[in-house]
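Each of the next two complexes has subunit A plus one other chain: subunit B in the first, subunit C in the second.
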Partner chain A sequence: MTTRKSGLGRGLEALIPSANKPTTDLQNRQNHGNGGSRMFRLIEPDGTVNDRLPVTVDEMKALYADMVEARTYDTKSMAMQRQGRLATYAPFHGQEAAQVGAAAALHDDDWVSGTYRDAALNWRAGYPWELLILGRTGDERGGQVPDGLNVLPPSITVGGHMIHAVGLGWAEKLKGTDVVTLTSFGDGATSEGDFHEAMNFAAVFQTPTVFFCQNNGYAISLPFEEQTKADSIAVKAEGYGMPGVQVDGNDVLAVLQAVREATALARSGGGPSLIEAVTYRMGPHTTADDPARYRQEDQDNFWGDRDPILRVRRLLEKQGEWTQEWHDSLEREASATIEAAVEWAESVPEPTVEEMMGRMFETITPPLREQLDQAKGEQDA
Partner chain B sequence: MPEINLAQALNGALDAALDADERVVLLGEDIGRTGGVFRITDGLRERHGEQRVFDTPVAESGIVGAAFGMAVAGMRPVAELQFLGFSYPAYDQIINHVARIRNRTNHRFTAPMVIRVPYGGGIGAAEHHSESTEAIYAHIPGLKVVVPSTPHDARGLLLAAIEDPDPVLFLEPIRLYRAVKEDIPDIYYTVDIGPLRVERAGDDLTLISWGAMMKETRAAASVLENEDVSVEVLDLRTLAPMDRQGIVDSVNKTGRAVVVHEAPLTGGFGAEIAATIQAECLYSLNAPVERVTGWDTVFPLKRGERNYLPSVDRIVNAAHRTLED
Partner chain C sequence: MAREFLLPDIGEGLTEAEIVRWLVAEGDSVDADQPVVEVETDKAVVEIPSPFAGVVLSHGGAEGEVIEVGSVLVVIGEPEDHQPESAPPPATPAFSPDPAPVPGLEPEPEPIVGTLSEEAEVLTPAAQSDAPASPAVKALPLVRKLARDNDIDLTDVEGSGPDGRITREDVERVIASASVAEVPPPPVTSAEPDDASGFWVDGGRQKMSRLRRTIASNMSKSWSEIPHVTTFDDVDATRLLEVRAALGDRHDVKIPIEALVIKAVAPALVAFPEFNATIDGEELVVHESLDIGIAVDTPDGLMVAVIDNAPSRSILELSSEIRRLGEGARDRSLSPGELTGQTFTVSNIGAVGGGHGTPIVPYGTTAILSVGRAHMKPVVFGDDIGMAPLMPLSLSYDHRVVDGAQGRRFMALVLENLEEPALFLA
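And then the complex of A and B:
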């Protein structure tokens, strides 16, 4: 790839490995994002460590536990959609490190504006499983996040939510707070015009916004190399006058470190930045999709060996900190947590017509009041 | 107290809002240095500073989407789009995000913001600069659509829109910016969003319009008055939520209605009004509801505008048809 170091400066430059350590395992046709030698990584796929780690062993184990819990949610969500208990689901299997790592770097009051595939990110940022699941049963009340939590419910349209993060950050800047915003999106969303408008506005107005792209290789079925002729998503930052870095999205510590640096930059008035986390969507786009139509088995095998949870397991094993027993107990606990959340969501009473009409405006309008009376009359009839 | 025009009334409203509420910020293309295409924000950046009045890059989706984010985070942004025909790049933001956030979060997050858009033709503007597509916005649940036609209403409605806890699309009749003048109070006041205004009371016939076409509607009412027809003129002012009761009350009294709008006939907002009248006033009606509208064509360029815009004569003729029955 071409080296565009000039666009990668302003603090985030430190994330570019100066040793230029080649990571040839990703420089083959299975690689998207063409990270090559400049992709930031702290844990190798085999669990060996590149550098001093930014976390303690206990923190490492907590991140592992979070990723296991997230995957448990994902697996159960797929199964429950098949059973007809949840609406269409967009799995994040394979992207747990990107999402958990990014959220772990945020402060409690930071804003998050993500997508339908970001349940793990949203959960780790404070969005309760109960409400995420309620939303997936097909209920708007799942979007009513707890007071004080600045996580927007997942955006369903592709791309429009990136510019929201710019406005959110702009407001915080005008208010003089040190709150920053993180917007998460996929490689597919970078083809939308709103990506351009969001990146440009953020840079022009120097909003405290972190653009966090999970490049999982596909926009539904369209492979990365057919989405852009740029070397990577990260290089696009240069065109907007902001730093951009590419990190191994299946390395939870690399993501954590990159987002920490990006949020620190934003918090200190340094403006926006772009992080491209190169990862892989192990599952379908959604439960309505059949990835066998556009993917090869060897791709899945290649990425399966780079599984983000497996990688941390290998690291912990080398330190004598991982046992099957511990892992099993994490899965059991996560399972119980998710099942309890599902039971809660399914116990929530059906929404009423009053609620539906009552949440269009702060005060119901006269025409809606008339329609409400009519709807109730017809329900009673 | 000097008479001021509609453009000055809007400028005064924005000035007052910036003074009254530090959460209010203005953003849009060319609104700072030049005061906007129509100079509605003239002098506001000088008075309130660069951190209140922002010149943005040319990107309508970006303007509305950023304003949305600001509103969700507690600001009171007032965005300007230069022409209604330029609002379509922001249509996704307006429909899918601005109008829905209260619903999709069950009141947890809201978007108290105003999108100001000059609209309508009759000034010989370039293509795409004369649109009057208010109906496609009035159709969107979760959005309020306001269209003033007088300086007094313009100021009061804009201040009400800025105070409103929900998003408001505020349409400004380009043709009337400097065509109507009146004395208005030089104080901060609001006009309620929703209720129509009975501009002239009468018994024989109701003329219903809003925004720029109020000019021709008023003129037609004067012609009819000279013919000894007692005309009631309604200025709708707010399209969404529509003042159904106000319309019904008037037409039940007069038994005749002519709706006037600049937009094309098919699917125009007049259809909603006519449907409401036939449902609620059937036994009072002495004649079918007439609609005097633009044609189902693209808005013509300068030399053909007179072929398109509803004229005083067309309104009078329609009134005569209803009076024959």
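And then the complex of A and C:
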């Protein structure tokens, strides 16, 4: 176990272990993010616990169930893309803890602004599976956020949405609410100019923004060590004058705890912060990618043993709270939920050309009108 | 009721895929989302899961066949739809005793097998048969699609629209006249057997696999550009085999002969760096690192796997690396980085009993050493004749880079090292 002092409820800095006790299991090229000694973790990969846990057993089991459901969606989406039923899909397999853990720390009215790989984050923040699937079938109506839900549609552009998140946070601050904004992005996005602008603006204006980086080791095929010369993403926070912390992104409780601390800070007027969740994208960048061309099997094996769901299972097993029957029933329920969502999404009638062109503006603009006429002409030809 | 599953665009903008392996045989049942076939696209090898549960009634193509996006990949039906395997290729879809139309089927049902094999016979790249081949043709995408779907070459169609633009009516006219005037044309080459399982059996013509095509192109390039010289020798392998056996016993592992040969060759590559070089125009690029390629015989064809900076590894490390690369090449799991970039190649033809030969120098390198199987042979020792295991060596090299005398010097050093392995332990 560990002599580490409890970091719970004591602010972000307290999450960083004061003793530089090296964690030995993230090394060499598996060690993107250079985590090791300064990484916050509550559950070790073998399921042993480092600290007092910030959740009850029932909450722990609920997080586990959420991750199972998220993975079911991910697996189903990959299959559907291969069947020609979905457009290009970006899987999040391996990143369930990062996304579910982050969303679980948010309040209902907090804003979420994520990427195309953040379906689990968006879902856990309230975005229905049905609409996520509909969007991936190519139907823009999947991106129409239900009223009252503070989740932005997934950003395809890399990095631009971080700026939106800062703007949303600034607006909430000006309105005097205690709503915070979490923006999720990848390691590659930190090389975009938008990252700099968003981080700097957020810090200068002390907006209630949580920058949540899922460092999954690869920006498409570019490995982390070629992405930045910095030791980690988290250290970049210092240059902007905000706290930064690196957490084990495959440890759902570490993520949950870190985001709780960060949102508490933002909610109380303490401004933005940066969390780097070190995780691993088990699958390809998207369905149009072949990771075997740029990474090794032993890497996948290394991270496979650090699977976020497996880790919670090991923890629950030690406490006698995990059974195969229970897990199977979760999978069955998740599968039924996802299949029902698929059925719904596939039963939605295709949009008409008028609907496709007419949704953006109250009154259709002349160039769009021209395109609409042309499209209708081709349809009728 | 039987349902067709058309090959989707599983990448972004793909036009075709090669069927690598069927994971569910015809007649076997399949669950929804269960992988049914492995295909290789320009981008990756991927498994495609079945969209429906049922029985696989027919495969849309044989392994190795390239099929286009949008053509039938597999037909899946209820168990009662299954036809006995002895049924001849039917003129009407065999998978549907049910007269109801099959969802997704084209207006004019064609025999699945016939349609696909016809496509497979066309050896030109698929893209060539498509509209972009004739940029001069003016037609809307919709009209191009209509023509494509009906196998009509737009260059043969007279356009009645402005500037000779081909309209939908123009194409429909051609379709109508074709269906009256002619029956569907027979397959282009008549000898082609429909039964794809008779791949090599009946002679015939078949598109080569991607790997085979790559090998063919590389070999042609090497053979046509590199003036080859091959020098032969036999080495007394008594000590080498003793060392190999002793190492194997000590570490309880089989030492592949390549591991020792690499160690014996390395000092020669250092002494004669032009053997570890690449010709680039008028310059010779001498490589610092000794990245040794080893030839691996796989069921699909020969592959060269590369051990980066090989001499820096111990014999045991080389052994396990050679084993790993061999297995990886055979199950096609190696990354492209592990299959390219060798600076010198060792080929153990002895593994399949080979003796001397004239190996072809891999393009981009200067030399290749082929090692045959050692046999007991009579040898002259001083004034006596004795017996020794003689191992045949064949060294091919690029005569533009290396002269004959230098080739002999290189070979002599390799021979000396192989005869007394102690020499390369230094």
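The rule is simple: the second predicted complex is superposed on the first by the 350 of 381 C-alpha atoms of A that agree within 3 Å, B and C clash if a C-alpha of one lies under 4 Å from a C-alpha of the other, contacts with A are read in each partner's own complex, and residues count from 1 in each chain.
Assume contacts are C-beta pairs under 8 Å (C-beta built on N, C-alpha and C of every residue); 3 or more make two chains touch, one makes a residue touch a chain.
A quick note: this is a predicted structure, and the numbers were derived from the prediction, not measured.
On the superposed subunit A, the two partners subunit B and subunit C both fit, without a clash.
Residue contacts after overlaying the shared chain place A:L368 against subunit B, while subunit C stays out of touching range. Contact with subunit C, but none with subunit B, is seen for A:A79 once the two complexes are overlaid on the shared chain.
When the two complexes are overlaid on their common chain A, residue A:R359 makes contact with subunit B while staying clear of subunit C.
Across the overlaid pair of complexes, the angle with its corner at the CA centre of subunit A and arms to subunit B and subunit C is 100°, in steps of 10. Looking at the shared chain after the overlay, A:F205 reaches subunit B, while subunit C stays out of its contact range.
In the overlay built on the shared chain, the residue A:T287 is in contact with subunit C alone; subunit B does not reach it.
In the superposed model, A:Q296 lies in contact with subunit C only, and not with subunit B.
Residue by residue along subunit A, subunit B and subunit C are tallied for touches, and B comes out ahead. No C-alpha atom of subunit B lies closer than 16 Å to one of subunit C in the superposed arrangement.
Across the superposed pair, subunit B and subunit C touch subunit A at no common residue. Every residue of subunit B that touches subunit A in the complex is listed here, in rising order: 25, 51, 54, 56-57, 59, 61-62, 65-75, 77, 89, 92-93, 96-97, 102-110, 141-142, 144, 165-166, 194, 241-245. Only residues 111, 113, 140-141, 143-145, 147, 152-153, 157, 160-161, 163-172, 174-175, 181, 193-194, 197-198, 200-201, 204-205, 355, 359-362, 365-368, 370 of subunit A touch subunit B when the two sit together in their complex.
Those residues of subunit C whose C-beta lies close enough to touch subunit A in the complex are 5-12, 33, 43-51, 140-143, 167-168, 333, 335-337. Only residues 76, 79-85, 88, 284, 287-290, 292-297, 378, 381 of subunit A touch subunit C when the two sit together in their complex.
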